[in-house]
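Each of the next two complexes has subunit A plus one more chain, namely subunit B in the first and subunit C in the second.
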Partner chain A sequence: MELSQIFTAAFVVTWLAAALGLAGPVLLASLGEIFGERSGVLNIGIEGTMLLGALASFLVTFYTGSPWLGLTGALATGVLVALLLAWMYVTVRASQVVVGIVFNTLALGLASYGYRLAMGGQTQVQKIPMFGPVYLPGLSDLPALGPILFEHSVMFYLTAALVLAAGYLLYRTRFGLNLRAVGENPRAADTAGISVVRMRYAGVLFSGATAGMAGAYLVLAQLGIFRDNIIAGRGFIALAIVIFGRWNPYLAAAAAVIFGIADALQLSLQIFQLDLPAQLLLSLPYLLTILAMSGLLGRSLSPTALMTPYTKD
Partner chain B sequence: MAPLLELRNITKQFPGVLADDRVSLTVEAGQIHALLGENGAGKSTLMHILYGLYRADAGEILLEGQPLQLHSPADAIAHGIGMIHQDFMLIPRFSVVENVVIGLQEGGPQLDLRSAAVRLSDLARQYGLAVDPEARVEHLSVGVQQRVEILKLLYRHARLLILDEPTGVLTPQETEGLFAVLRRLAAQGHAVLLITHKLHEVIDVADQVTVLRDGRVIGSLPARQSSARQLARMMVGREVTLRVDKPAQQTGPPLLQITDLRVRGDNGQPKVRGVTLTVHGGEILGLAGVDGNGQSELAEALMGLRPVEAGQVTLAKKDLTRHSPAARRASHLGYIPADRRQVGSIGPLSIAYNAVLGTLRRYTTWGGLFLNQGQIDRHARHLVNEFDVRTPSIHFEAGKLSGGNLQKVVLGRELLARPTALVVEQPTRGLDVGATEYVHRQLLAERSRGAALLLISAELEEILALSDRIAVLYQGEIMGVLTAGTQDPNSQIELLGLMMAGSPLASLSNLHTPGRSDGPHG
Partner chain C sequence: MAKSHWIERRLQPTDSLLATATVTLAAIVLALLLGGLLMLPFTPHPGQAYWAIVENAFGSLRGLGFTLVKATPLILIALGTIVAWRTSFFYLGFEGTLLLGAAATVWVALRAAPQEGLAGLPGWIFFPLVIGAAFAAGGLWAGAVGFLRSRFGGNEVLVSLMTNYVAILLVNYLVSGPLRAPGDLPQTERIPETTLLPFFIPDTRAHAGFLLALLAALLVWLFLRRTPLGYELIATGFSERAARYGGIPTSQRLVLAAFLAGGLGALAGLVEVLGVQFRLMDGIAQGTGFVGVVVALLGKLNPLGSVVAAILYAGMGVGSEVLQRRAGLPSSVIFIVQSLIVLLILAGDLLRYYRFTWPFRTGRLTATARPRE
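Our next item is the complex of A and B:
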């Protein structure tokens, strides 16, 4: 098949619409992670937090029939889990990398066990009610732009709204300035009367909250089921997007869309049975991340005190 | 009227040390009060108590006659007590105004940087502290960063400003500028508490001076009625010689030669940009300059701890440019690093092992397979006796020694190896007067022995006291080389200060001609 036959207008529209859908969950997770890292804590545990959030949203929705309650359950789970992680990172001052990795492994086992415990009797895959596409009169009917931007689920618009909220919070409020100060120079922040501990807890709780909701995004807006490998590394992609997006919510949104475009292309091309290895396309966002970190795409400076526990004297 | 601040019988005990013993102190509004003392005299502890970081075991703090309980720095600043630390508490990537408003509560959750910048500019005008509110702090010179710190406190309505060793990183001219600002602050009714160990600063700027030794107040007197000699005696507890005797001597052949050396810093930016220097046998070449102008990078490159981008380093005509640190040491290039705890020694190891670091191979049997413990101990005992290291045993952990004693171990290790040339970096930083004297005597003894010494120091007084010639490093370049003692001390200091601020000696030739050294190749 010729490439020109594939890249029709209809294909591009479907492709970009799918790209934005795929970008959603990783972007949502990266938004909170930005706050964690800006406060100086690298929360690698978002992969596991997403998994537990996904399970919570599935179970709550399964038993109540309400995806909104499911989303709330995922949010609560994310915050609860983050509280434990924040205690390890900030109060105990354990190695952030080790805690994050060990927690992800633990979450894998916990989720798998929890699902079987709750759904043990069922042999076939259970489906739950989901968030459908939102129809926006006028906007959704626009040619090309309508299907690309305005036929998504409520989770997508929530994420988009959170991008703006995160940008505002980080750059236009005292809270945001103080949080960034803690991630740059905790001692200076401390002497200026900012509580380093409180800010870092806040940062980690934010990352847990959005990671939990990102897990729910996958279940409630895209798949409608739960399975053990549902996250499949999207938490790690979110970490990469934070770096690629230079710890800035707006740039992270752009980075997530680039990732979504590569991911959607790779999925569509599989259907066309091209000789092009799909894995190569799938590796594009990771390649971009490595390039971003190597400084080849301009300097990208992480928060100065990232991963450095703080002690008074 | 009650004084602005009064400390009454402040006492603070740490395990094994009585840091402050019934310290009383009175600071009036409109006064610059100097707190003078050596390292370990109890100045820092007292300031930490006053700033809410530590709680005193006994005694009280009175602010305008009212007893005061301080639980945190935020508490202190809320009561109008502000502190400027030795290492600035600024965030390099933030703008000036962002640095000023961090941590403030007033004005609701929304950040209003524009009106903060307006208020900041007003304050800056009022106190003559010109600074651009939008500038990023990392682009400002150290002197201007210090202004930002002062503005940060004034913005918070501080009435008492505590400055901890504020001149350590300033050029002489910047120091003068700071003192002018402090006088203006005092004239406008603020109180300034200046913590220092530099005698001349006290006499230059303070109204009142309180001397602290071993945690006790030795005396408090008007600065104008005091002399450097008297203050030194009070601070140290005995007569001190403020000048070291430097015998005149003929310099020998060129030993350490640095030619057009270029070195990059940690972030890849050029830090040493074409330095050419020659150090002769029996000579101390002082390298002056404000901290951070490439001194550390130069020293590390000389020792092989940092790659050389271009240029050459030779020792007694032998090219060492690409040699490993071990090879350089084997060629008798010695090194006294600025950071004696992290670079100069290995803290958890005993004095004995630290004494043979780098030469361990000489103390082994079976072709380097086993340590010859007896030989190591003998060498360490020799070092401890020779260099007067006060320690219970040679098996004592080096990291638990005081700064002065640890420096003697490092000094002893390097000097017993009989170096041809010695790179000495900030050798007396943080040492008391006694240890400083000792280090200076040892360095002069090395000079008499005929070694070539490159002395890198941010303390201009140290450079002036020891050096035969003085080079000034500014942003990685040599501004010029002076021969010490060829003109009157004041004009020499002025000249060095201008060079430290970036004026090449050649451009200053109308200020002075005698004593100019023989060009950059010196």
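Our next item is the complex of A and C:
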């Protein structure tokens, strides 16, 4: 099949709309992770946090019938879980890599157990009410742009708003400045009277909050069901987006869209039976992240104190 | 401040064996108690459930066989973790090396089918060959990450996490493209009977891969403890700068550690293919690469400790799966207990900063351990 036959206008519109949809949940998770990493904490536990958020949103929505309450439940779960993680990272000063990895296996067990406990009697897959696409009068009717940008769920617009909020908070407020200072040079920040502990707790709590909501995004706006393997590595992809987006919310949004474009393109290419390994396209974002992170492209821009626990004396 | 306390803060955290043992034991007991609470909605007798798990995993030859099969890849990945992490190379790409090793193994094993290039190769040539191929595949895969870290100063934690996905996609490509067997499922042909690892306990599934893992554990222990090169790796792990000052080429040692870790991790894929799955397909790693890291930590990054930890870990898993099938007790409870043990041991580290005191006794010098305010 000729390439020009594939890349019709209709195809491109569907493709880009799908790309933005796929980018949403991982971008949401990466927004909070940026705050965690900027404060000096690498929270690998967001994979597990997303899973527990997904479960919470599913169960709350199942029992109350309200996706909004489900989203709130996921947010609360994410924050609660992050409080535990922050205690391990900041107060106990355990290895961030170890705690994150072990927490992810714990979350897998907890989610599987929780679902079984709450839904034990049900044998078939239960569907729940979801966030539908939002219709924006005028905007949604625009040719091309309408279907691409303005036919998404409320979670998508919430994520887009949070990108702006995160950018403002990180670069335009005293809090953001202090947070970044703690991640770059905790001792200097401490000397200047900034509480390293408080900033790092805040960073981890942010990452937990958005990871929990990202789990809810998947359940409430895209899948409508819960499975143990629902996250399928999206937490780790969010970590990649943070790096690829150079710890900057706006660039992270761009990175997430690039990931989404590659992801959506391979889905379409499979339909067209094109003789190009889809896996090559799919692996591009990871390869680019490796390249960005390897130091090949110049000095790594990661926060200097990333992964280093801070001791006062 | 003359107030007496039950608990006092130490100036320095204690390193005594007694304290470590107490904390570890307390963590295990607490995790088991919490797991018991989680069992209550499903069974009124958590104690019996725990006992049944132990019996299923270790009480019969058949159960023991399953336990050893499950423990084998965990031991190998734990060994890889030990070599890498002892060198302060925090590699997390073992899902990937497992898959790479499995892919290389299947590729070589399929060449040994009738009418193929390696057909009729005797076992004493074939097995070293396939082990070498898998080790090299995983070693180069992880060694590349080591090279990036030592040459360009990249972050190996994040880079190695990303390589897992590249490996998953690579296997996905192989089983749906070049190596795909005719049929509906994306998987390769079954590998020839002559390439399978023999079972070494009669009437069980325990295959010779477990013996390979034991041998590897012994070799890693000897390597790290008894050879100059192993010493240099550990010295690099303690302080790269000091080791370099002492004349150790730390960049080369980092790459070496990465290579060995990847190779060991790849052997986990080899034993899974030659002993359990008999073909390559999607989803054969399923988190084993991360559980192996946890096992290594439980074994305190010691090869022999990790063998014990892997067998216990695998046994708990096997026993709880039997219990889930027979009594409907979710095996996730044991999964939770296993992770909790590690987290509680880590959290217990905080306790090393404190000591108990008897507040009613006076006259002794209590000022020695006053907290620094």
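Heads up, the rule we're going with is that the second predicted complex is superposed on the first by the 307 of 313 C-alpha atoms of A that agree within 3 Å, B and C clash if a C-alpha of one lies under 4 Å from a C-alpha of the other, contacts with A are read in each partner's own complex, and residues count from 1 in each chain.
Operating definition for what follows: a residue touches a chain if its C-beta (ideal position, glycine included) is under 8 Å from a C-beta of that chain, and two chains touch if they have at least 3 such contacts.
Quick caveat, the model's predicted, so the values are computed rather than measured.
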First, second, both or neither for A:L287, with subunit B first and subunit C second: second
Touching partner for A:A161 - first (subunit B), second (subunit C), both, neither: neither
Partner chain(s) touched by A:R116 [first = subunit B, second = subunit C, both, neither]: second
Partner chain in contact with A:V97 - subunit B first, subunit C second, else both or neither: second
First, second, both or neither for A:R187, with subunit B first and subunit C second: first
Which of subunit B and subunit C A:A10 touches, first, second, both or neither: neither
Contacts of A:N178 with subunit B and subunit C, given as first, second, both or neither: first
When both partners are placed on the shared chain, which of subunit B and subunit C touches more of subunit A: C
Touching partner for A:K312 - first (subunit B), second (subunit C), both, neither: first
Shared contact residues on subunit A - subunit B and subunit C: 313
Touching residues on subunit A, where the partner in the complex is subunit B: 171-178, 180-181, 184-185, 187-194, 301, 304, 312-313
Touching residues on subunit A, where the partner in the complex is subunit C: 42, 44, 88, 91-92, 94-95, 97-99, 101-106, 108-110, 112-113, 116-117, 233, 236-237, 239-240, 243, 277, 279-280, 282-283, 286-287, 289-290, 293-296, 300, 302, 306-307, 313
Sites on subunit B touched by subunit A in the complex: 53, 72-74, 77, 83, 85, 88-94, 98, 101-105, 107-111, 152
Of all residues in subunit C, those that touch subunit A in their complex: 38, 41, 90, 92, 148, 151-155, 157-159, 161-166, 169-170, 172-173, 177, 287, 290-291, 293-294, 297, 330, 332-336, 338-340, 342-343, 346-347, 349-350, 372
